[in-house]
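Two complexes, one shared chain (subunit A), two partners (subunit B, subunit C).
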Partner chain A sequence: MNINKYPEVKPGRKPLKRIYLAIMLWTVGKAIPVAAKVDPEIKKEFEKLPKNFTLRLMVQPERAFPLFFYTKMLPGFVVKNGMLPYGLQMILHIDAQGKVHYQGADPRGKKFDLSMAFKNLEAAMMIFSFRESTPTGYAHDRFVVEGYLPCATTFMRVLDIVQVYLLPKIIAKRAVKRYPKWFEMPPWRKHINRIIIYLRAFTF
Partner chain B sequence: MMPMPDYYEFLNYPKIVSGQFALENIPSELDGYHAQKPLVITSKSIVQRGLTKQFVKAFYDSTVVLGGIYDEVRDYAGISQAREAAQLYKARGCDALIALGNGPVVDLAKAVNILVSENLDHLGPHFDGAAPARPLKPLIVVPACSFNGWEATHAMTVDNRRLVADALYPAAVFIDERITIGCCPECLAETGIIALAQAFEAMTADGHNPMIDALAHPALNLLAQHLANGAPRPSDSSACMALANAATMAAAAFCNAPPGMAHLLTEALGRATGIAPGKLMAIILPAVIDMLQEQRTPIKDDVLLALAGLEQFATSAGPDRGRSSLRIMLTLVDSLKKTLPALREAFQIQRHLLDQVAHEAAGNSAGRFTVPQCLTVLTQAIQEPAS
Partner chain C sequence: MPLPSFYDFCCRVKTISGINTLEQIPSQLANMKAGRPMIISDKGVAATGLIQVVIQALGDQLQIGEVYDQVPVDSDYRVVDDAAKIYRTKGCDAIIAVGGGSVIDTAKGVNIVASLGGDTLLDYEGLGTVKRKLKPLVVVPTTAGTGSEMTLVAVIADPDRKIKMLFPSYFILPDLAVIDPRMTKTLPAALTASTAMDAMTHACEAYYCLEKNPLSDSFAFRAIQLISQHLLKVLQNPADLQGRLALANASAMAGIAFSNSMVGMVHNLGHTVGALCHVPHGVAMSIFLPYGLEYNLHRCADIIGELLFALAGPEIFAATPKSERPEKVVTFIRQMNQDLHTATTGKHPRCLKEVVDRNGAQLVSQSMLPAIAEAIMLDGARLTNPEEFLPTDALTVLSNAWEGSPLDLKKVNKGGSKVNY
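Let's turn to the complex of A and B:
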């Protein structure tokens, strides 16, 4: 038998989807620490998590998604503080004082207490292109969770509220479990917090 | 009230992953088995339909390299092909198998799995009754087009010989509308009627248990909802997905139950005549249902609940429920008449062949059915309807 008739098939790449997801993870990651300061509900949720706690949201398989090529050219503090999107991970750290920090997308040298991973790129695209809400994705088993499960559900609730702030209502309605009623999140509070989050998260 | 059996066994395999982007989960599933290089076994017709391209795309941005796509399977699984594929598997250093297709493709993948896992050159010892001595390599089944009812089970047919072993269960079945969507109405109807018979026979078999009911009930429910409307429309993805799910569930239930008369006769007649099992089932199942009606065999109430839903179940009087469920079964089979017309070849089967088939089926039933019973059903099944 001529085995060359049946060649090996190496997996291709989807570069545009990777770039889109890197930007989305970076946007959400930058917004969460600010939202934890301005929104009492998010603050309360983060208080439930232990101190000195590191968590990450990523896309599996980790080996298939190395950091973007330009990371090597960036100064160390830009990579460390996650000032630019450069990978398919979102790393958050809660320090001893309970303050939340975004630590970019580089997992090297970090120990994770909670790791939530999308099983594949398309699963992450479903969530971040808002075709499926985050809780539905969780229910559909699109994530693999390593760590203490109640911490993961706490983080899911945080993601839900942050998406309400980051996205316009028409999109956020598709992304969250239930869009908050006006008396749960009054419009003035929502809009002011949204402006603060965008200004403080993306003005370095 | 559900009667609790004194004793039962049930093996809950395989894992079913169904829905949008199900295929993209194969790399993470393989990762769970520490496998990174599967060999894909498929058929020429699947390649011609462009399904392998769709399939390969699902592995983009993963670390899984496909060891090769062996596409030589036609409508028969033979040991020579299994040896070829096993040679390819070893030459490429593969560590898992993926069967992309139906019937013979899955049978061949199971045969290759035994050859490579046990390092054998033939299946002789296993056909002589020896069970596989060690766990086999992970086998993933991605059903395409139609089902012959054995894909998700612990059985395979190679060179017209059947081998049954628990190790042969696939590790997972991935049902994705991009691949599973039917190629023709006839294929869908064959899938549907085999699944209908499997679920019905599993649920009404003597040794049924609550676990069988748990799988056969939703299978019957899905078939009752989607078979009549979905079979003539292979492009209707939601109906195709429902039928594929029903077929997988029915097969998983069926292989834990003793086979019913419809299956024993279909299998024996299929071996004797070479006619596709789906086409034979379309004529044998109504004859079996007629026999059950004539003999006033008690049918459990749950069958009506699965087939007709809560409303009709609640409005039917207790003693009528069995008869009502048989009527619905006949209506479902009749609804496929346009898509799956009765075969002319089936009406020309010789009488001596019927005797042989009836003896074989009765012999395989472990005393549950007699030769005259089987012969009566067969004679009725192949009676040409008056036009």
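Let's turn to the complex of A and C:
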């Protein structure tokens, strides 16, 4: 697909929000594979998904991203690492062994078994600025799900736990329906895993 | 109570209700420019002679293309494909579904394949595949509970992949729902009780779950009122046509409510024990409903308290202090289950351990509970439950529901942000 053939692209439409979301999606995407290794619950959730499974979280519309322009200006490694995205996407792949991989933001040539899409930029902002929790966002129809629905509930549970790891309690409390009790996620596990996730996910 | 910051609501099913409304189907079909319907039903309905009642009511004003009564209890896509083929070879131009949830879902599936072409329903899996108006679909429910005549989704199994496929689309909504109490008059007492409690659950969950909205609320509220006023009377006097009509109306209204505002953990548990242990849906609903209310009590006590008005009537509502209303709702539903148990001479189970199959064998053993609790994560209904619902929580609820003991409210995990409706 030739990116020059995309329909009219308007650069500068809410670029700050786009960059903020791009960073958020990248952060979550990098954190999930590590969290899947260290957190027993996330591991269990991923085991419920089929093998060779590709899923993504994205912001609609899929095409026409002003960020195309910015990607051209950036050094190659940034794009390759999926840091600044093709679009606002976060692609995860579960391989035949059940291992989870973050595959950046480039949807070209991939077939998605499950796709969760925010209906527009503002809807994504509501969730990622934590004005609305994920379940409230679901109730308010902020995103649509395509593919096998039962897997979406699994994926949303994974997102919840990852948010608990990545965010300080005061913010995570607003993002999830119920912040885990000490016996659901013991504090020592939370803090050690949080350090591991931050170290392993964000060092190249 | 503040209105939700966003909601959507859609119901465009023309409904005709009353004694002897079946006779109006031909003229209604003529309005939709159809005159050769295919009747879809199952063996159970055929055995009770209800199809004959429908055919007689249709009279000679229209030609019946085919009577297909082969829909099994757990319908799958092959039945749909089969029926769609017959639909085409017999040159039908409309569908009349006569039956319960499974029949209605199958008919919705047949309508997709028959109207849009193709050989198999599998081509239409997923969101947004049904994009245009389908052939006229008339639904004549024979149980008063599922509310499928008002819902925009068809659930059809794929036994090869062992999954349930969902077909959500506004175009799947039936064009006409015919509520005639003659169709539910012969429903056995235990089934009447459990299907009515299914409708009750639809209404209650629609009223307190996360997608609650003022339009659904009004449907749910009235449905609860009708069921609590008429259910026991109908069980004492099965030929009470007015009561039957009230229950069938309540079921349709509860269907509208939950189709637009979704259900919660009661359905989550119900779907799971249905899939793993084959507990009938209505039975599971009546057992889990009090627990669903109890479990979410700390999240939405005020909202649950409002239900007392619909359940118990204005006198009891006014005489109960506001702080005691939520608990009273739970006790009221428990008492209702107890009354149904008595009225059906023990056929309506009050707890999971009382659920038995036709041969009297227990369906859910205590050792299965942990596996059920793990499996709840694969059902979407948990997302709209006000309180987070995880396997550990499910296990607590399940073990209480198995014994029939009330939930220890102190043990319910609380915390997190306030629910925004």
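Observations on the model:
We adopt the following convention: the second predicted complex is superposed on the first by the 171 of 204 C-alpha atoms of A that agree within 3 Å, B and C clash if a C-alpha of one lies under 4 Å from a C-alpha of the other, contacts with A are read in each partner's own complex, and residues count from 1 in each chain.
FYI, a residue touches a chain if its C-beta (ideal position, glycine included) is under 8 Å from a C-beta of that chain, and two chains touch if they have at least 3 such contacts.
If you're wondering where the values come from, they're calculated on a predicted model, not measured in any experiment.
In the superposition on chain A, A:144 contacts both subunit B and subunit C. Touch criterion not met for A:111: it reaches neither subunit B nor subunit C. By the touch criterion stated above, A:122 is placed in contact with subunit B alone, subunit C being left untouched. Residues common to the contacts of subunit A with subunit B and with subunit C across the two structures: 140, 144.
Every residue of subunit A that touches subunit B in the complex is listed here, in rising order: 1, 3, 6-14, 17-18, 60-61, 63-65, 119-123, 126, 140, 144. On subunit B, the positions that touch subunit A within their shared complex are 19-21, 24-25, 27-28, 31, 56-57, 59-71, 84, 87-88, 91-92.
Those residues of subunit A that touch subunit C in the complex are listed here as 45, 48, 132-133, 135-136, 138-141, 144-150, 152-154, 156-157, 173-174, 176-179, 181, 184.
Of all residues in subunit C, those touching subunit A in their complex are 4-8, 126-128, 163, 166, 210-211, 262, 377-380, 382-384, 387-388, 390, 392, 413-417, 419-421.
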